[in-house]
Amino acid sequence: MLTDLGEAELAEYESVQTAPDDFDDFWHTTLAEARAAGAGTEVVLVPVETGLETVEVFDVTFPGFGGQGIKAWLRVPVGAEGPLPAVVQYVGYGGGRGRAWENLFWASAGFAHLQMDTRGQGSTWSAGDTGDPDGSTGPQIPGVMTRGIESREGYYYRRLMTDAVLAVDAARALTQVDPERIGVVGGSQGGGLALAVAALAEGVTAGAFTTPFLCDYPRAIRITDAHPYKEIAQYLAVHRDRLGEVMETLRYFDGVNFARRAQVPAWFSAAMMDPITPPSTIAGAHRAYAGESALHLWPFNGHEAGGPDEDVLVLAFLASHLRG
Amino acid sequence: MLTDLGEAELAEYESVQTAPDDFDDFWHTTLAEARAAGAGTEVVLVPVETGLETVEVFDVTFPGFGGQGIKAWLRVPVGAEGPLPAVVQYVGYGGGRGRAWENLFWASAGFAHLQMDTRGQGSTWSAGDTGDPDGSTGPQIPGVMTRGIESREGYYYRRLMTDAVLAVDAARALTQVDPERIGVVGGSQGGGLALAVAALAEGVTAGAFTTPFLCDYPRAIRITDAHPYKEIAQYLAVHRDRLGEVMETLRYFDGVNFARRAQVPAWFSAAMMDPITPPSTIAGAHRAYAGESALHLWPFNGHEAGGPDEDVLVLAFLASHLRG
Amino acid sequence: MLTDLGEAELAEYESVQTAPDDFDDFWHTTLAEARAAGAGTEVVLVPVETGLETVEVFDVTFPGFGGQGIKAWLRVPVGAEGPLPAVVQYVGYGGGRGRAWENLFWASAGFAHLQMDTRGQGSTWSAGDTGDPDGSTGPQIPGVMTRGIESREGYYYRRLMTDAVLAVDAARALTQVDPERIGVVGGSQGGGLALAVAALAEGVTAGAFTTPFLCDYPRAIRITDAHPYKEIAQYLAVHRDRLGEVMETLRYFDGVNFARRAQVPAWFSAAMMDPITPPSTIAGAHRAYAGESALHLWPFNGHEAGGPDEDVLVLAFLASHLRG
Amino acid sequence: MLTDLGEAELAEYESVQTAPDDFDDFWHTTLAEARAAGAGTEVVLVPVETGLETVEVFDVTFPGFGGQGIKAWLRVPVGAEGPLPAVVQYVGYGGGRGRAWENLFWASAGFAHLQMDTRGQGSTWSAGDTGDPDGSTGPQIPGVMTRGIESREGYYYRRLMTDAVLAVDAARALTQVDPERIGVVGGSQGGGLALAVAALAEGVTAGAFTTPFLCDYPRAIRITDAHPYKEIAQYLAVHRDRLGEVMETLRYFDGVNFARRAQVPAWFSAAMMDPITPPSTIAGAHRAYAGESALHLWPFNGHEAGGPDEDVLVLAFLASHLRG
Amino acid sequence: MLTDLGEAELAEYESVQTAPDDFDDFWHTTLAEARAAGAGTEVVLVPVETGLETVEVFDVTFPGFGGQGIKAWLRVPVGAEGPLPAVVQYVGYGGGRGRAWENLFWASAGFAHLQMDTRGQGSTWSAGDTGDPDGSTGPQIPGVMTRGIESREGYYYRRLMTDAVLAVDAARALTQVDPERIGVVGGSQGGGLALAVAALAEGVTAGAFTTPFLCDYPRAIRITDAHPYKEIAQYLAVHRDRLGEVMETLRYFDGVNFARRAQVPAWFSAAMMDPITPPSTIAGAHRAYAGESALHLWPFNGHEAGGPDEDVLVLAFLASHLRG
Amino acid sequence: MLTDLGEAELAEYESVQTAPDDFDDFWHTTLAEARAAGAGTEVVLVPVETGLETVEVFDVTFPGFGGQGIKAWLRVPVGAEGPLPAVVQYVGYGGGRGRAWENLFWASAGFAHLQMDTRGQGSTWSAGDTGDPDGSTGPQIPGVMTRGIESREGYYYRRLMTDAVLAVDAARALTQVDPERIGVVGGSQGGGLALAVAALAEGVTAGAFTTPFLCDYPRAIRITDAHPYKEIAQYLAVHRDRLGEVMETLRYFDGVNFARRAQVPAWFSAAMMDPITPPSTIAGAHRAYAGESALHLWPFNGHEAGGPDEDVLVLAFLASHLRG
């Protein structure tokens, strides 16, 4: 059943979220510090033996937030010549980069495919290999939605979004990649990260955000009982006195505010029967998007949205922007 | 939590299932009739435009039970020369062959990969394109477990298992395939079909049955409330008077009886926390297996079993038998 | 809790469903073909030994869609003289005609009671004895809601609704029945069938549709997660490309469109806390009803609606029209 | 799935329950007091207008525990001559006697059918009309399982079982009933009551106890989480200090102890997949049964057990004893 | 997620509930009769050995409805001199007064704390010691919401609300209590009782009703599936013919009608994500409140509302009125 | 229902867990390093204004693992003279120290009561104020059960158990506390911590472990689906290759191994219907306990075990050892 507004109402919906005055300064400083911390650290590629014959896979380590080593896979078609257009992909909540021999779509389609691991997640549905060494500055709900939520500086997503931006830096430094032809993609949390990257990174050509998470917090945390948005509501149910500071922290990490700053052509999608990233929260980000964008609605899907049917559309969208 | 016997008990477990005297005659006749019905019908291959660059995909139609057209995908690595070792894959309950650009593992690993669609399923988690035109001969529970269960002749799985055997015939007829190097694989229902094919088909070199379904009915329908085995228990809860005929029908389609006849080297797996295909039902088939075989137990998994970690092991297993 | 619109909103609600131009032709042709196929096939009555002393039961077989044999029970009060007013009853989703000695209300009330079995169902809550030999023309969700939904010709409900119309033909041919005094009744799927029959059959005097299913698809498949409407949403979640053809097929089988054509006096009911056949979908059909009709709302019930309290009201309603 | 012991283990199972020394005295006194309280109160029959033509229904009020008025329906076949064999039926937990025009099986089969209402229940699935004016002597869990459980005198089931015995007295006083041919029947709570009545009443010829409840408390309250046995476990989870007195009270009301005293031929049934009245608790009563008895096991059913398929068997069983 | 109206809508909401003309007479008579029945019965205090050193506890028995003995705990700070301001507390649905050594907050804060037991409940989450000897006048749903709901005289809450008013009488008679400084408090059912007491009792200075239950029945029983309001909807689903009398009975016991009569300063709270006492039902009572009052909304809580964070606010509220 | 072994089997049960050879060295070094890191850091007490009159509360900060500041509450009876016997209490999974004015039992009973906060938890059911600044060294399941589980050094519980031991050091340094009379108590995770502290700390006189968690991992992670043990099984379902290192890490933190080293008199409890800390896992620790101990079984409780009825027994147990 529909889990949120109908299509006509979605078309009208605007988020009430606003950005704090120092939003851009905050991110400028954050990224500058992270790049400084990682300066001098090489992106390391180690070839992986997978048994595959058409796709070559490398185990990648690049410097992320605080210069900490972040894992990724680089997959490239065997025998490809010259720098390739690239897709940098981010992963959904709870998962990690998985195994080297999974997720062959983008490399099989002729792209250099850099799939970033997610710090401190990588366990509930696909395996990861990267920790979150900074830890929490206060109490938290299991998961990462409230880890460090007392302050913008200590919030988990400050670290993860920084990793995501630096993954693009890393991709651009690879010999296999044409640094002028990079798309960012992801679903759910991966979509939220890709949207932040579209606003914050340099050298991104296009972005595809399928059922993006991390958007429109003032509405999201009130209209669904589905995790992971629910983690925040659970936290506020016990830490009743921290509503103000929590909402203030979240303004620095809301996809609506990233959307207002992103300029590259964008694909958004939402699913009308999705309780996890309810369509209005995505419509809120889409409506705020500064660049050219389209929102694809899947009328009978839940959070899986378009699945393989969306993959092929996103491929066409990215190909049109990256393959010239 | 453990959903069935512990590891020590599994090692001792033997199924009580027995085969009817005319089991072999029944299948001999069934397959002969089906081959006769399909004689003269070509296997049709139509190239599919997928946007992929390393894998070529063909939309396949081959004659199955009753000569009815059964869909499949053939995926081969681009630029492969000469006939390739092949993997014929069957799909889990409710699903279909999916989209052409999904499931790239086997072709990327250098195999000709024929993935058979499942008649009349193909809707709950992946799309299919094949109907089941024969229909039911009596009342049934939603799903296919009790469709036609009044008789061995009208039972749904007589048709589907026949399709599965004829998929091997079809594979062997393809120019892309080396007919002497064919492995059959599948998980859950796909594993149960692969096991039946290992017993019934000609020209199969090895088989991998991951958490196979369709095994050891006398135990399976009593020890789990998980679907789809539960469909049979639900049927018997209303059709209380048909227990005898139902159990008689199922003897012709039980993986334990196929195991007693299969000679090719085999990989079995089961998961200790799986309620869908409880490990004892698989241990029952494994113990009865006539050929060389091993049973891999995943101690903390449910029905997903080894997932990608098992894929790479199965690849190694098949490669050792098919790549020689 | 309320599962749909409130009473005031229900009174205003109109369905957006429309009928295709060839709706009447389609059904005219379908019924003509079915009657032709069954021409020459007798309705067969076999007395059943039940142990009952006040009600006599016959096992009935009549020619349905394609001339296929459809089962029913005929129950008549022992010792009744002359042709009786009759009630033709259809059964809810998943069930069948049950056992001969069940469902004694209508015969005990002095009616000839013909209870039609449901092809290929008859297993989840009451036993049936009739198969659906035509099978599916494509993939489907477990159940019958999407069996053959690719086309109006192959859709399951074309066959079942035809059976239901021909059950009236069969009833009228019985010596126990007065062919000018026939009511059609049913709950849920049975109510949806009775509504179709009220529009399509000849010789029906009145109809009672309690919480009728199969109504107002454009709304029904979006506003509930309850089965069986959900089967269609599940199908469309995987077969995303078939939305157009599915909605087109359903126009030929929507109770709203039957309601626009039915002329006999009608009893509708709906329950305000019913998620299975949400009251607005029924209100949509009721509002469109061409003949005289009333909609009874049960304010605190779920799908069971008025239960025995409704039975006695429906008896009074039918008696007023059939007993004259 | 199986919810309890397997068939072989059931055959061996014996309950540990024992009767207190004054069990018979307690019941002798209880019944004598109740009969004294009701002495001089007539059984009142009021004809009910139902619209039925083959069955006549009377609204019955008879004196139960404390002489309190207990409701029942008497249904008899229209036109029956002379006293009939009778069936006294008790109802399952939560329900009441329902509507006059429901439950036509026994009268249609030629019996006088007295269906007793259940004091203070009659609301969750079928309507009743009788209160429980004595109330509770202490705190309790919602439901009646712990109402007055502090003492044998104040326990709810002392009142209800007394009502059930006096229903037989009432039946025997009716002109429609042959006082020498009375069977007692019931399912679940109704079965537990019928079993108690078989031990305590005079003039009962046979008893049918389908999935009887109220049996083998020491085991029942530990092996299931299903209600209503769970009510007792819930009570003991809070009233941890009352375990001794609760278990002592229950000894006076346990079907195992009634079974040891009942002499009439008996039908027991249990269902292997029933969590509500787990089969071992019934096997415990059956094994203890003093008279001739058989236990029918339904292998794939839950608490519904044999449903209509059992009705017809019970009819045959009772007919053999009551129709001579 | 929000379970009811948003904050703006709540501010506008007015209940449609109205009081019957004889509402005040009914309660005047009820209380007068109860006080007469209990006249001459002492409030009995028995010291309890708890092992505590700062709080002294007495087991209290006072005459409630019908003069029946109602249990309570009196807890006072050790060494307190002279009469203290007092808090009379009522308990949530299903629970009782608990153990003597629980619930030390109010006495530790310097109040005489009288915690009333709840007749016939006291079992699902905390232990009680008081029965409900009056019993039911008709059938009922498990629980107390429909016990005696056929009439205002026999309804369970007539007895319980009378107990609650008489608990204030009892408190005022204690030497430890200053009869001019009494607050009444409670959460959920306890809040509903405190609200009734605020309207009906003499000598109450202030009241705190946290997520009060028993308010605004016409809306409450339609908008939630949570128990215990659901008990009434369940009853009406079976007793379809009793809607009128049920709604009439409830008018005498609805917090909205008590609110219209209560004059003492009041604290109300509601939680925006509470399905058990949905915030609109509380807003309906708050809006109708005759005296000075405030409604505190907890934006991310369920029925637990402010928990310990509310306790300290309620303490400050009561202290300002009682400690003056 | 019983969730684990019966009472007779529990009495026989022995855990298979063993301690690694360097278990004692590991903990000796860990504690020495932590004490060194915190050396020179004062335990800070800040009085808290609570509105209570019989209990005084201090906000405590003491140096825990790595010298990091750990929060606690110190509650003492107002007006107590001289050093008091003390209870150090640890909190269940997900919670924190709560609010200052909660949990008044131990201080009201005359003890100095130090309730330690739990690093990085304190959000799901009671509020905490302490972070876990060390973070994770690898991927993890939401929660803390797998945080840092790759190695004994980085495992979360190395930090938390060290905090718990140092809480006793802190308590012994307080002027309000008699350092020779200290008991450690806790339920669930708090019980597991208290058990570890009983083995590792100096100056503990007695310990009460109610339904202790963190015991007998080899069995616990296989026999329950309840969280938080399930977190480990979930981790191993994805990180299939890390079973060996996970089980090796857990040996250093298993209550069975702490039990083998603890000498102080101990109270254990378990509940027969508890799926969260199944009774056998506790029986395994109890059986291994080196000192004098008793295991109290609650036959009808879940994880709440004895609740307030156990509090008073534990009070008596501790009083007998600490008040002597």
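Read from first to last, the chains carry the letters A, B, C, D, E and F; within each, the first residue is number 1.
Everything that follows uses one rule, which is that a contact is a pair of C-beta atoms (placed from the backbone, for glycine too) under 8 Å apart; a residue touches a chain by one contact, two chains touch by 3 or more.
By chain, UniProt protein names: A, B, C, D, E, F = Acetylxylan esterase.
Only a predicted model underlies this, so the values are computations on that prediction, with no experimental measurement involved.
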| item | value |
| --- | --- |
| Path length in steps (a step moves to a chain that is touched) from subunit A to subunit F | 1 |
| Number of steps on the shortest touching-chain route linking subunit A and subunit C | 1 |
| Same-site or different-site touching of subunit B by its copy subunit F, using the half cut | different |
| Over-half contact-pair match to A-F, picked out of the listed pairs B-C, C-E or A-C | B-C |
| Of all other chains, the one whose Cα centre sits farthest from subunit E | B |
| Averaged-CA centre spacing for the pair subunit F and subunit C, given as whole angstrom | 63 |
| Separation of mean Cα positions, subunit D and subunit B [Å, integer] | 50 |
| Averaged-CA centre spacing for the pair subunit E and subunit D, given as whole angstrom | 38 |
| Per-residue overlap in subunit D, given as positions that touch at least 2 other chains | 234, 309 |
| Chains that touch, pairwise | A-B, A-C, A-E, A-F, B-C, B-D, B-F, C-D, C-E, D-E, D-F, E-F |
| Of subunit A, residues touching subunit E in the complex | 221-225, 233-234, 236-237, 240-241, 243 |
| Footprint of subunit C on subunit A - complex, ascending | 1-2, 272-273, 298-302, 304, 306, 309 |
| Residues of subunit E that touch subunit D when the two form their complex | 94, 96, 118, 120-144, 146, 148, 234-235, 238-239 |
| In the complex, subunit F residues that touch subunit E | 50-55, 77-78, 98-99, 101-102, 104-105, 107-110, 308-309, 311-312, 315-316, 319 |
